[in-house]
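Paired with chain B in one complex and with chain C in the other, chain A is shared by the two complexes that follow.
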Partner chain A sequence: MAEAGPLVELLDVRKHYAVRGGLFEGRAGLVRAVDGVSLSIARGETLGLVGESGCGKSTLGRLLVALEPPSAGEVRFHGRPLPARPPKSFRRQVQMIFQDPYSSLNPRKSVGAIVGEGLAIHGVGSRAGQRERVLELLGLVGLRPEHARRYPHEFSGGQRQRVAIARSLALNPELVVCDEPVSALDVSIQAQVLNLLYDLQQRLGLTYLFISHDLAVVSTLADRVAVMYRGRLVELAPREAIYGSPRHPYTRALMAAVPIPDPEAAARKRAHLKDNAPVPAAEACPFAPRCPEAEPGCEDESPALSEIAPGHFVACRKP
Partner chain B sequence: MPEAVLAVEGLRTHFFSRRGVAKAVDGVDLAIAPDETLAVVGESGCGKTMLALSILRLVPHPGRIVEGRVRFAGKDLLGLPEKALRTIRGNAISMIFQEPMTSLNPVFRIGDQIAETLRLHRGLGQEEALDAARALLVQVGIPEPGRRLKTFPHELSGGMRQRVMIAMALACDPKVLLADEPTTALDVTIQAEILDLMRELKTRRQAAVMLITHDLGIVAETSRKLVIMYAGRIVERGDVLSFFKNPLHPYAKLLLAAVPRIGRRAGELAAISGSVPDLLRLPEGCHFHPRCPSVFDRCRLERPPLYGVGGREVRCFLYDGGGHG
Partner chain C sequence: MSAVPGFSPLKWFVSRYGLLFIGGSIVGVMSLAALLAPWLTPYDPSALDVSSLLQAPSAAHPLGTDALGRDVLARMLFGARVSLWVGFVAVGLAVGIGLCLGLVAGYYGGLVDEVIMRGVDVMLCFPSFFLILAVIAFLEPSLTNIMIVIGLTSWMGVARLVRAETLSLKSRDFVLAAKVLGAGTPRILAQHVLPNALAPVLVSATLGVAGAILVESSLSFLGLGVQPPTPSWGNMLMEGKDVLEIAPWLSVFPGLAILLTVLGYNLLGESLRDLLDPRLRQ
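Entry: the complex of A and B
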């Protein structure tokens, strides 16, 4: 296991979807959900991925666990390129937790069957061994043994998310992609689940890609944070740098927009972004049409990520 | 302090089913003055949405308002005939819902939808109504209003749709605006703009706003007063500044501590154990006692009333006798 190098890498990965127009219009265009993203995640690290709806962050997560093949580019796991149809062994090593614990659990299966499904599919251990493992997993996420016989509808949102987490851990994965795992939960429950994810990482040495639209939630877990806009990374930096000295105008606008639960932090200036700005030309900076600091020239070139401080990457002409 | 525009007194809205009676709103009092935003804070199932729907008498089946008064313009809305209420609903009292896509009619152009409100409540003709609709779109910051009038809801982004909802809510110069999680479905950058817009319109029209939210960050930025609800009842009431300095109720303290903030790390986040109670199986005594870190014997047996503490109110026995809990 003591191999050097990151656990997973994305090398200039793209995912484009063809969009059809009306019934007689045929192919109308191309959605560049992920448009040339390169990043890596080290073993035991949590990479936070932040962006607004439609920026491609969920698609990126799905590419990472090979739920979808990339249109171009390469996903590497343990330094080896992932084939178009990954082997079953790969499926054991990466898992995903979804946002909505109401739709991600099969309502017709007991919690025990849901958590143990991976074990059964991969034929891990005897039936008795699998049962034992399910109980162990339930304990790990703070549920009780008798919960194994119950059904998802009997649980609250927070408990369901615990079930989903237990399921994701059944096969001892190395990488868990958490896609908005607390967004559907009440505030009082969010903290429980975030603490649980943290404890599990400490105990099991898990690697997380933690996807969220909520900068505050991401800051509680992430070691590094990537900010995504219209399919591209605009900034990538260690947590202290991204929250302490954000450099991309989009990151700064996102930070300024987060309501702070402190009425005395009043009168903060907000960089207002234009809503529904036009889709920029493919070669332009994707953020230029909404950027409060845009200058002539920003429309002409799409800036690449460049390292402005150790580990701090920004895609802007004038960071 | 100016007189309240809207006052809710002793409101109870219960849901009747074979499994029992769910007391979604169970004895709520509140008042909102002109140019004031009152935040109603709570988690899912605490009754905050039912409170707003009760004010407009829009409680869905099998719910029923069983008791209370809603005072507005010298009348009790709960005693008015339905026909009289219709001249107030969507007119003097408007509501903005969380999900703009489901509250707009997908098969009508937005211009016609806003114009319909204006024709119904202000008696305008179609041409005048469309002109007024265009002016409203300008007010809520929608670019190219003339062209937008002809678009359908699905052609707009979430933020634009919510602006249209606000334009409709404002069409008749409401004295009271009930906003139920108006920005929860929106991205943060758009949320900031919508909140600014609501604040500006509140002041310009001297409206009373009831802002329902689960987000304490939004409360801090928009409101001067708040009530916190838990299991159908108000558990804390007061001004926002004192609340953030020194929350009184154990639930409120935990809620404020549990908010994920930049700079706090997982593993050490304050969490509230257990989950929001099932309204059909509420615990005896104080509804919060099974989750409360400060619970003592009395909490398991009796229901606490609201105690006054320095101009604020809190429903907790720790404050019995002026309380320094």
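Entry: the complex of A and C
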């Protein structure tokens, strides 16, 4: 299994949605949910993906698990381009954990059936073997064997998310896309689930794409962090670099918005963004209209990601 | 567990489940009567008895006899079989068609959805009773034909309900999770969408049984439904109307049976709707 190269690569991936409007359903516009993103995730790595809501981070996750095909560009898995209809083997290798554990579990199915569904779909092992595996998975995520017979409504949010995690691990995936896996949970439960995700990664050698709007949450798990704004990557760097020396004005603004439980520190100067501005032209820097450091010229070109330090990429004209 | 002041378990039960209880009882009694018909009366529903024509209700004939001396109670019990059977089969057919088309329209969307739902609109444009009359006039008015025609003209409501549920269910996370696990469309529809879309269908089906029974009675009353000598509540009403002044029991009891049964199914359906609707559930 020791093949060179990253586990997944995105090459200039785009996802555009036509907005329908008007009486006769003509095209009213185009939403560029993901607009030319290239990145790669190495085996065993956790890539954190942050950005405000609506920036396209969830869409990117859905492209990675092939819930939707990209409009343009290519997703490569194990170095091979992913076809529009992914093979069954791909479904076993890439899994997803959803944000809301209240809507991600079918209320009419028992926990055992939910966790074992992947085994049933792919016909893994005998009935008895599948039951065995379900119990093993429940143990792995810290649930008890008797929970298999219960239904989702009998569980708390944290327990439900454990069930969802167990389901995602049933087929021994290599990559797990975690789409805001703790955002819907109480803060006291968030740490438990994050610890569980970390332990599982250590034990099973998982690769994570960890999507979140919460920088504090991402900092606990991510090896590298990618920052997205309006469908594009604006900064990509190892965790220490992102948190220690953020270079893009947007990343700095995000950092400044992280709440600090200390009234004196909280009084520090905030980087204020301009209010939501009109969507800039496709060729302009997407952040320019809101950027506190924008200069004349920023609106003329869309800066590409460039490497300003080893492994530290920024898409800004003036870092 | 001490008693909560001002709380009476009986009042609570009646206010919450009273209508369900009444509707369920009526439906239950009617169904049992139909099921046990041969054991509930000593008479054969089509046995003529010229020595006792048009007799008023008595100990020997609790609901009287008709113009041919047949026992009205026996005919009503066997008529219940026909009416309920028509109701169930017609609704079963309607639910089957509505489920399939609704699932397909909601799940696939786009052109498929457009074609199916415009078909629903077209079907809803026909005044369905006259459509049924016209079809039955061409075909022979047998029990099977009646059931099929009623079923074929009453699936649209179910189709719309199921389509709406499917539309909201197909983008739920547990359906996406199943897709990510590699589930095919048949599995997603059968295991994830359908079971979660059934509650409103159950309500609609219960109300539909009432509707189908009414349609069958109307058809039989007009002579286009169940043909004599097979008893049905509708054709008993028709036979009774000519002698309404001298033998009112011939019309009153079948009429009451229709009224009660339709009322029972409607009460059951309405209270099921309230119980299953999460917005009304406390």
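Assume the second predicted complex is superposed on the first by the 316 of 319 C-alpha atoms of A that agree within 3 Å, B and C clash if a C-alpha of one lies under 4 Å from a C-alpha of the other, contacts with A are read in each partner's own complex, and residues count from 1 in each chain.
As a working rule, contacts are C-beta pairs under 8 Å (C-beta built on N, C-alpha and C of every residue); 3 or more make two chains touch, one makes a residue touch a chain.
Since we're looking at a predicted model, the values are computed, not measured.
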| item | value |
| --- | --- |
| First (chain B), second (chain C), both or neither touched by A:V115 | neither |
| Which superposed partner A:S104 touches (first chain B, second chain C, both, neither) | second |
| Which of chain B and chain C A:H213 touches, first, second, both or neither | first |
| Partner chain(s) touched by A:S188 [first = chain B, second = chain C, both, neither] | first |
| Touched partner set for A:L171, first chain B, second chain C, both or neither | second |
| When both partners are placed on the shared chain, which of chain B and chain C touches more of chain A | B |
| Which superposed partner A:D199 touches (first chain B, second chain C, both, neither) | first |
| Footprint overlap on chain A, where chain B in one structure and chain C in the other make contact | none |
| Complex interface listing, chain C residues touching chain A | 172-174, 176-183, 187, 191-192, 195-196 |
| List of chain A residues in touch with chain C within their complex | 65, 67, 88, 91-92, 94-96, 98-100, 103-109, 117-118, 121-122, 164, 167, 170-171 |
| Chain A contact footprint on chain B (complex, rising order) | 43-44, 156-160, 187-193, 195-196, 214-221, 240-241, 244, 254-256, 258-273, 275-276 |
| Sites on chain A touched by chain B in the complex | 52-53, 156-159, 186-192, 194-195, 197-199, 202, 213-217, 219-221, 243, 253-254, 256-265, 270, 272-273, 275-276 |
